[in-house]
Structures are given as structure tokens and as C-alpha cells.
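Listed below are the structures to be examined.
Presented sequentially are two complexes of chain A, the first with chain B as partner and the second with chain C.
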Partner chain A sequence: MKLSLPENQKLRFLRWFDFRSWRVGMLAYILNRVTAIGLVVYLYLHLVVLSILTGGPTQWDPFVALARSPFFLALDVILLAGILIHGLNGVRVTLTGVGVGVGAQKTLFAALMLVGAVLLLAGAWKIFMG
Partner chain B sequence: MALNVTLRMFRYRPDQSARYDMFKVTVPDAANVLDAIEQAWAQHDRALMFRHACHHASCGTCAVRVNGREVLPCIVPVKKYLDGDKPLTIEPLKNFSLVGDLVVDVANFFQKQAASGLVITRPTENKLEGKPIAYDQGLDPASVETVPFNRFENCIECGICLSACPTMAASVKFFGPASLAALERELDKTTDPQRRARLLELADDEQGVWRCHSAWECTETCPQNVRPAEAIMALRRRIFAQRFGFGK
Partner chain C sequence: MQNPKRSTLGWFWQAVTGALLLLLLGVHFIAHHFIAAGGLRDFNQVIAYLGNPIIIALELAFLVAVTIHAMLGARSILFDLGLSAQWERRVTRGLTVVGVITVLYGIWLIYAILGANSAVAFWAR
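Presenting the complex of A and B:
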């Protein structure tokens, strides 16, 4: 069986996505990077969207109507999930980094993600029903 | 009772494309993965490259990945991985240059430690009550019972933590978990203020403790319970304490 491998040293990070080696810590590591990239992309998209304001109400009002569609509201929920995962995982990294919860990093991650899930559900309710 | 096992073995030579070869081997019920690898070499392909020495998790030489996870195959039972007819996938460690098949070049790992003056030594293993022991000197059984052996240096330099570390995958310059754990151990052993300052300076390097992103894979995979991630966190606390003038 022939195999193509990322032997290039600069592409070694692709091994992050070898899910066979994923454990809690690795999952947290991957989630932090994926959400970070997502949030950076969102930031730029947000700036692009805000530029519509320069077109005045004739361009802004139709966009607001579009942003209230279920599809865009679902994107808001995904954005909130990214913020919660990244932020709460950052809390875990900060706490263990200063010596808090060092022996319980997996429990800490699970607890924070549970908090995140509750906040996400509440946020999704607010986004769709509020 | 014997076990029939299929090994899906990573094969590589610098002048050839990487591939996987399948080897069917029969090993005793109590066999470890290294025994199965040796069977593949003995019965199927004498060109198979792999490393081993002690067969009891002392030398760290044989480290590989089995089904994607880093282990010492000399102490991991084949039985642990048996899942119907599914083969065991045996691959070399990640984050090292490949030499051939399961063999990786660990020179960079040792060079990093040598460059920092942190070559791992085990002074407690060749001394008893502070006196050097010649290797051909038999120990008095009575003294062995009363004098406990200390192993302050559990690291066997197997490289498993470097393979499991996602930061190592992103940067070869990162000191890595083993070296940082060695730094922490050295700090515990010395009271010399100059040496301590130098060690903390190393830990605080751009490629030191701050490059760790808390995946904790090193601690999860370490076969000797060195707990490098905890050592890295301890080093961070020491640096905080030194910088802001509190604690240790």
C-alpha cells in the first residue's frame, strides 16, 4: 500500500488531525485552534459587513432583514459556540498555567465545557426566541 | 495458548515511498507488542528496521506508536489491542526525522539537552549512602533491604512525550516536554543561586515553557510517570514568583 505522508517539516502540524491520538487535552488543543481561526475570520467578516453602513439605510436595512433569517441566526449560534469554547478553554489554560487545577485538567475541561453548553443553550434560546 | 496477530507495519526508506506492509505472526498469549514485531522480523522480513534493547521499559529505545498512540511496545501486551481481525498498526514516533521503518533520529532530542547543559544523569543509581558503587560490586542483600533505592530521574529519554506533543509538531525549536521536565528536576536539586538563575532563564526562553499550550499529551503518554506537563506548570510558577517577587 503506497502512502502519502506530510514528510515536509513545515506540514508536520497536519498530524494534529490524526484523530487516533486524540485525548481530552488534544481535543482541547485542536478546539482552541479551530475556534481561534474561526473567530479571526469572523472578525474580518464583521468589518466587511460593517462597511455596508457606508451605503446608508438603502443598503443596511435589507442586510438587517437578511441577518434576521434563520440561517443567519444559526450562524450566530455557531459564533457563540466558538466564543464559549475558546474563552472557557482559555480559562482552563490560564488556571493550570498558574498552578490551579493542575492535577485535574481533564475534569476542569469537562466542567468548563458543561458550563459552555448551558450558556450556549441559553444563548441559542435568546437568539431564536428573544 | 497462542495469539494470531496481523501487524500493519509502517515501512520507509529514504529512497522509497512510505507504505504499510501486513505481517501475520503467532505469539504466545502473554506476548508484548515488541515480541510480535520481533516475530515479524524473524519470520517475514529481516530488513525490517526497529530498535530495542532492554525489553523492560528501562532503556526507552523501542518507543513506537501502536494504533496511533505512543507506547513502549516492550511492556504493552498484544492482547490489549486485539479486536477481532483488525490489525495492529505499528508506526514510528512523530516529530522526529525518519531513518527507516520504525526507527527515528533522536539526535536532536539529546543535542537539545546537551546544549543546555542538562544531560540527564542518575547520580543516585550508582551511589549508595553517598559512596560510588562499582558495577561489578555485588550489593550486600542486607543493605539492599535497609537502604531504599531512589530514582529521582525517572525519564528514560524514550522521546514519547516529544512525539505526542502538538507544539513539537509546529516547531522543532521548542525545548519539548522532556527537556523542560529535566530543567524542573535540576532546579529541585540545586541551591546554587547562579545555577538556579540560569535554569530559570532557560525555562523562560522564547522556546521554553511559554510555548507549551497545555494539551497535556506528554503527561498522558509518559510511560514512566515523569509528568512533564506538571513540571512545565511548576516552572511557570517559579518564573512568576521570580519576576513578581513572591513565593519560592
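Presenting the complex of A and C:
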């Protein structure tokens, strides 16, 4: 089967990898897409991991002990970073989509990423320090 | 080429489920990673947590919202490849099937987890 890819539309996807177009708007767009792909992969990994629960405590509890190790906690911090970047960027996209802050998109993006950085630091502290 | 009306509808549902997820994912993440001692519940704590019907309703709402959001997002990314109208329809249908299977799997998983607990309780008697 043949995929029809008109030249002008092919470029739309390839622009993700063109560093010359990485201005704030494009960076926000790429971050949103990259975190989206990561979160979808995580969603299915999460659902597969949760299936261990069907084996009862003999299977789940040893996994929990492993998941409390620093390596897995670091993965939790990466997950939180992905959620915050994607979620806050999504807030910006929705706001500008309904006409709020259209003229201040870059400022809005910077402010939301700053909020995200603060929440990430607080979350990482909570994840590692309990 | 993407139908503009469908594209707007997709964007609308993406925004609605995104707003819901801010709330539901927040509850999910805080309940599982910040409130549970050690950052994750052991089996008995999971069963106690799922013993509350409100929690099951919230988790199911979370699953439905995250699946719709993820499938619409995947659709949007795939459409960025510049697919023909025929392939766009195939992608939409394919992702709809994947989404339905995902939700059904999640429902089965909750049922199976609670079932596993019944089996453990039965053998512990």
C-alpha cells in the first residue's frame, strides 16, 4: 500500500528535527510532541506493570521493593518532568487556542515552564526524601 | 488532507480531556506517589485503596480521559506525517480500536486485582 505524502506535508514532520527552526514556539511544539510520545509509551508500560498485581502479594510486593530503589525513583522524577512539561504546555496551547494570551505566548511559555521547574524540584524532593 | 471540522472537534476533546487530566492525574500521582509510604503501595494497601468505590470511579475516569487524550494526540502526531485522507481514516479507526481495547483492559485489570485479593483471602482462611 502506498502512503501519499505531498512534499509540503512531508516537511511538517521533518521540521521537528531542523535545529534552525527551534525558536521558542517551535521548541514548545517539539517539547509537547516528544513528551506526548514518552507519556503514551509510559501509559502502556504502566498498564503492563500493573498486571503484576493480579498475581497477588507474592508477586507485587517484591516489585514494590524494587520500585523504591533510587534508580526507579529517578525514573519517577523524569516521569514527573514529562507530565509537568506536557501539562503546562497544554495549558498554554488551550489558552491561546481560545484566544487568551495569544500576543504573549513566549512569556506565557516561559512563566509556565518556570512554574513547572519549581513543581519538579518540590516533587523530586518529595519523591526522594519522602 | 484533514477535515477542518473533525480537526477542530479533535482539538476540543483534546483540550477537554487535558483539563480533566490536570485534575485526575494530579489526584492519581499524589495518591500513589506522594501519600503512600515509600512512594508506592504494597498489595494490601492497593486492595484497601480500591475498596473505596469513589476511588474506582476516579481511576476509571482517569483511564478513559488519559486514553482519549493519548489516542487523539497519537492521531495528531501521525497526521503530521502528511497522510492521505484514506490513511487518515484508517489511522482514526485503528486508534479508536486501540483506545477501546485499552479501556477494556483497564476495567478487566481492576476486576482481576480485586479477584486476586479474593483468592488470597480464600487460601488464607
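Quick note on the criterion: the second predicted complex is superposed on the first by the 118 of 130 C-alpha atoms of A that agree within 3 Å, B and C clash if a C-alpha of one lies under 4 Å from a C-alpha of the other, contacts with A are read in each partner's own complex, and residues count from 1 in each chain.
Assume a contact is a pair of C-beta atoms (placed from the backbone, for glycine too) under 8 Å apart; a residue touches a chain by one contact, two chains touch by 3 or more.
This is a predicted model, so every value here is computed, not measured.
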| item | value |
| --- | --- |
| Contacts of A:74 with chain B and chain C, given as first, second, both or neither | neither |
| Contacts of A:53 with chain B and chain C, given as first, second, both or neither | second |
| Contacts of A:114 with chain B and chain C, given as first, second, both or neither | neither |
| Which of chain B and chain C A:25 touches, first, second, both or neither | first |
| First, second, both or neither for A:99, with chain B first and chain C second | first |
| Larger contact residue set on chain A - chain B or chain C | C |
| First (chain B), second (chain C), both or neither touched by A:87 | second |
| Which superposed partner A:45 touches (first chain B, second chain C, both, neither) | neither |
| Partner chain(s) touched by A:122 [first = chain B, second = chain C, both, neither] | neither |
| Footprint overlap on chain A, where chain B in one structure and chain C in the other make contact | 3-5, 9, 12-13, 93, 97 |
| Chain A residues within the chain B interface of the complex | 1-5, 7, 9, 12-13, 15-16, 18, 20-21, 23-26, 28-30, 32, 92-93, 96-99, 102-103, 105-106 |
| Residue numbers on chain A that touch chain C, as the complex places them | 3-6, 8-10, 12-13, 33, 36-37, 39-40, 43-44, 47, 50-51, 53-57, 60-61, 64, 67-68, 73, 76, 80, 83, 87, 90-91, 93-94, 97, 123, 126-127, 130 |
| Residue numbers on chain B that touch chain A, as the complex places them | 17-20, 65, 67-70, 94-95, 98, 164, 166, 169-170, 172, 213-217, 220, 229-230, 233-234, 236-237, 240 |
| Contacting residues of chain C [partner chain A, same complex] | 11, 15, 18-19, 21-22, 25, 29, 33-34, 37-44, 46, 66-67, 70, 73-74, 77, 80-84, 86-87, 102, 105-106, 109, 112-113, 115-117, 119-120 |
